[in-house]
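One chain, chain A, links the two complexes that follow: it is found with chain B in the first and with chain C in the second.
Right, the complex of A and B next:
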C-alpha cells in the first residue's frame, strides 16, 4: 500500500522553492508539513509542493496546503501544487479545491505557466 | 482477495427491552473500505444494532468489536482511541444548540487534537464546503433547515477523517436532490478518504445506490447479507415484501394476545 516513507524535504531551485512530500500525510505529522510549507514561503519566492509520491492525504494535510496558498497570495507570491497524484486529486476534488489551487505537471512549470 | 481484518465484528449479539427480545444472536462483520447498508422496516432492530455498534448500549450477551477492540471490555483509553477513529452522523443531527455551526463542526478537533487554531479553522470549514454549507459557519443550528442540520452533522462526523463513519438515515426528511447529493458524497468519501461506512436506512433507492453490501434485518434477525444484486434477487418472502413495500401479515396467537391484554406485567 504505502510504498514511500513519510517525508518532507525542501530544496531551493532557480526561481522557486520545491517542497517534496511523500507517503501518507495525516494528522500524525501534518503539522511538520505545515511548517515546511510556511518556511518555504519565507524565501519570498515562488513555492511548489510536489505531491507525486503522496499516496494519501487527509484534511489536516490539505489544510496545510490551503494555509500556504493563502499566505502566498497575501504576499503576492506564486504557489502551485506539482504533479498531483490521483489519491491527492480525489481529496482536492471532494472539496472542489482542484479549482482553487494552481496545479502544474512539472516543477519547472511553477514559474513558467501563465 | 481482501484478507484484511474486519473493522467491525459482531458476534451472537442479543438485546432485550424488558421481556421483548429485539436482537436474536446477530453475527455481523464489515471489511475495510466497504459501504454496508443496514436495512429493515420499523421495529426490525436496526436502530438497536446501530446503538450497539456505537457502544451506546451494552450487549446483554455476545460482543461488538471495532478495530478489534471489544467495546464492552475495553479500557477508557482504548475506548477513546476507538472514538477518535469513528464519526457518527445521527438522524436528528445532534448539534449543540448553544454553539455555532462552525463550532459544532470543529468540536471533535478541539477535543481530540492539539492542532493549531488556523488548521482547525481550515479543516472544519473545508468539511462545510464538502457538504455544500460553505460560509454557514457563523449561523446557529436553529437557523438551519432540517436538511442543513443533517449536512452540518455530517460535516462534524467527518471532520477528523474517521476510518469508520456511521450514518443514521441520511435521506430521512430530505428533498430528493439533497438526498441524491448525500448519496454521491458517501461514495466519494469512501473513495477519496478511504472511509469504511455503515449506513442505516429504510430508503431503498439510496441503499441500492450506495451499498457494496446490504444487511437486511427483520424482527431482530438478519435475513441476509449480500450484494445489491443478491438482495434484489432473493427469494425470501420478507425481503421481497420489504422491497415491494408490501404490508406484512400479522400472525395472531390467541393465547399470547389475550395474555398481553390482560396480564398485569405483560
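Right, the complex of A and C next:
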C-alpha cells in the first residue's frame, strides 16, 4: 500500500481541466475533493479526475465523483476518470459504477474519446 | 558419471585428418585444418561431461596432428598443481603432477604461452622423469596453455611427430588454435557439473526440510495447552520442538537448538529430537530426562557440536509446569502482566557426561510460559543489536491480548520484520481458553474522520497476518471504514463527540468486526441500504457493507449507552495452516 500524502490539485490544460488526486480519499477530506471537482466543472466544459495515485477511496469519495458526473450531465459537459488505479477500480466495481463513469487511460483522451 | 575411455592415438582418424595426412598442397591442408576445427568445436559444444570433453579433445588432437603421444593437464586453482587428466600414446602418464613452472607443461602455464621443443635431448625445460620410467623417448614436443579470460586452466601437449620430423612453429600455432575451443569447452563442462551439483544439493535440502518438518508434532486443536512454531533461517533447521502425551495424563514438551548451522547441524537435530523424545517418554523428572539425553549424546557426539534444550511437563489445564534447561535462554513466564525469568538449569548437552541439572516446578496461575531458542533473542533491532529477553518481552506485551496461535504468528511476524538471523523456535504453555474467539485487533479511537487512515492500516495489518488475500482484504477494510464513517457522520453527527471501539475477532473461519460507540441509540430499522449502481451521490456506504459482509447487525451496547455494530464474514481457509508454517 503506498503512503502517498492526501492531495488535490487542479491544472488548466488545453481544452480541459485536470483534477489530480493522490493518497487515500476518505471522509476526512472528501469534501475538499467534491469542491475541487465542482469548481473545475464551473471553469471548463471538460473535466478529468486523475486517480492514478489514489490508493484508497471510500463511498464519500465516490459520492464526490458521482456528484461531478451528475453536474456535468445536466450541463452537457464532459467528465471522465483518468488512469483509474486498481484500488479505485475495485471500489467502482463493487459499487457497480464502473460502467457509469467514462474511464480513460490518459488525460488527452478526455477530449478525444467519443 | 559417464567417462569416455582414452583411445590409442590414430585408432579413429576423422576425415579431416585423413586428408591432412596425404602430402597435399597447401590449400587442401588449410581446408583440412578448418574442417578439423569445425568438427572438434562441434563435438566439444555438445559435450557437457568433463571426462568426455577431455578425452574427445586429446584423441582428436592426437589423430589430427599425427603424433605419437598427447596429454592434457588441468590446473587445480587451489593448490596450483597441474595434473595429467588424460593421455594417449605408449606411456600412460595419467595422474602425473607438475608444479606451475615445472617442465614444459608447467612453463606453458606459467608463461601462458605455447612452448615448442625441437630437440628434447638438449633442452633444459624437459622434465625427464616420465620418459625414464616408461622407456618412451621424447624427441620433440609442443605444449599450449588452455587459456581462458581468467588465465590458463591447464595445458595440452603433443609429443613426437609420427613422420619423425621435429615440430615447427606452424604446428605450435595449430595446437594453440585447438587449445582455445578446448579450454572453453572444459570450462563449460565444469560449470555444467557445478550446476548439476547445486541442483542435486537443492533437491536433497528440500527433502531434508520436509523430513525435518515431518518430525514436528501436529498442531493440536483439542484444548491443548501447548502451541509452538519453528522458523528455519535457511532451508534446513537446527531447531526443533516436540510435545507428546504421557500415560499418566501429563504432557511432555521439548525445545531444542543444535549449535551451528547447515546440514550436519540438521542431521544432529534429527538425532537429538528422537533421543530427547525417547528420554522423556517414561515421565522421569526433567533433570533426569536431560541427564539421560546428555550422557547418550556425550557418547556419540564428538565433533564439538552440542545441543541446547529445554524439557518439561505440564498438565492439560496448564496449572503446573516442571522444566529444566540445558544451555537454553531463560524461560519467560508472564502472570497478570508480571514477568519472571527462569535461567537454564545446566550447560548444553553433549559436552560433558554426568552433569546434574537443576529443575523448576512452578504454578502458572493462569499465566503463560514462553520458551524460545536464541534465534528469537538474537534478532537484531534497527541499530543491529540483539533484542535480548527485554526485546522479546516487549513483543509479548504487544501481542498479549491475542490467542496463543495468533500471538505466536504475531511474534514471529514481528521477529521477521526485525530480521531473523538464526533458526527460531517459540513454544507457549498456557491454559486452553474455553472456545474463546481469537482477538486479532483491539483499538479505541476518537470518532473523527482524521483517525480513519491509521485505523484502516491497522485492520489491513491484522488481516495480512491471517494471509487474507489482498482483494478480499481491501474490501473488508472498505466495509469497516464505511461503518466507522457512518458512526462518525450519522451516529455521533456534528453535535456529539466520543470514541469508537474496534475489535476484530476470529472464531474458526468466521471474522467478526465489532464497533462500539457511545452515540445516541440507533434504530436498526432506520438503516436501509440504497441499491448499488444507482447513480446518486451518497448513501451507498451501507450497500457496500451489505455487499462485502455475510451479515451485520446493530444492537444497543452493553449497559444501554451507545451501540454495538457487528459485521461478520466467513473466510474458509484463513489461518488454518499449522502454526509451524506461519
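In the analysis below, the second predicted complex is superposed on the first by the 112 of 114 C-alpha atoms of A that agree within 3 Å, B and C clash if a C-alpha of one lies under 4 Å from a C-alpha of the other, contacts with A are read in each partner's own complex, and residues count from 1 in each chain.
Methods note: contacts are C-beta pairs under 8 Å (C-beta built on N, C-alpha and C of every residue); 3 or more make two chains touch, one makes a residue touch a chain.
Just so it is clear, the structure is predicted and the values come from calculations on it, not from any experiment.
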Fit or clash - chain C, chain B, common chain A: clash
Partner chain in contact with A:58 - chain B first, chain C second, else both or neither: both
Which of chain B and chain C A:94 touches, first, second, both or neither: both
Partner chain(s) touched by A:9 [first = chain B, second = chain C, both, neither]: neither
Partner chain(s) touched by A:105 [first = chain B, second = chain C, both, neither]: neither
First, second, both or neither for A:113, with chain B first and chain C second: neither
Contacts of A:28 with chain B and chain C, given as first, second, both or neither: second
Which of chain B and chain C A:69 touches, first, second, both or neither: second
Chain C-contacting residues of chain A that also contact chain B: 26-27, 56, 58-60, 62-64, 66-67, 90-91, 94-97
Residues of chain A defined as touching chain C within the complex: 1, 24, 26-29, 56, 58-60, 62-64, 66-67, 69-70, 87, 90-91, 94-97, 100
Footprint of chain B on chain A - complex, ascending: 26-27, 30-31, 34, 56, 58-60, 62-64, 66-67, 90-91, 93-97
Of chain B, residues touching chain A in the complex: 113, 115-116, 118-119, 122-123, 126-127, 129-130, 159-161, 188-189, 191-194
Contact set on chain C toward chain A in their complex: 448-450, 452-453, 456-457, 460, 471, 474-475, 477-478, 481-482, 485, 488-489, 532-533, 535-541, 543-544, 547-548
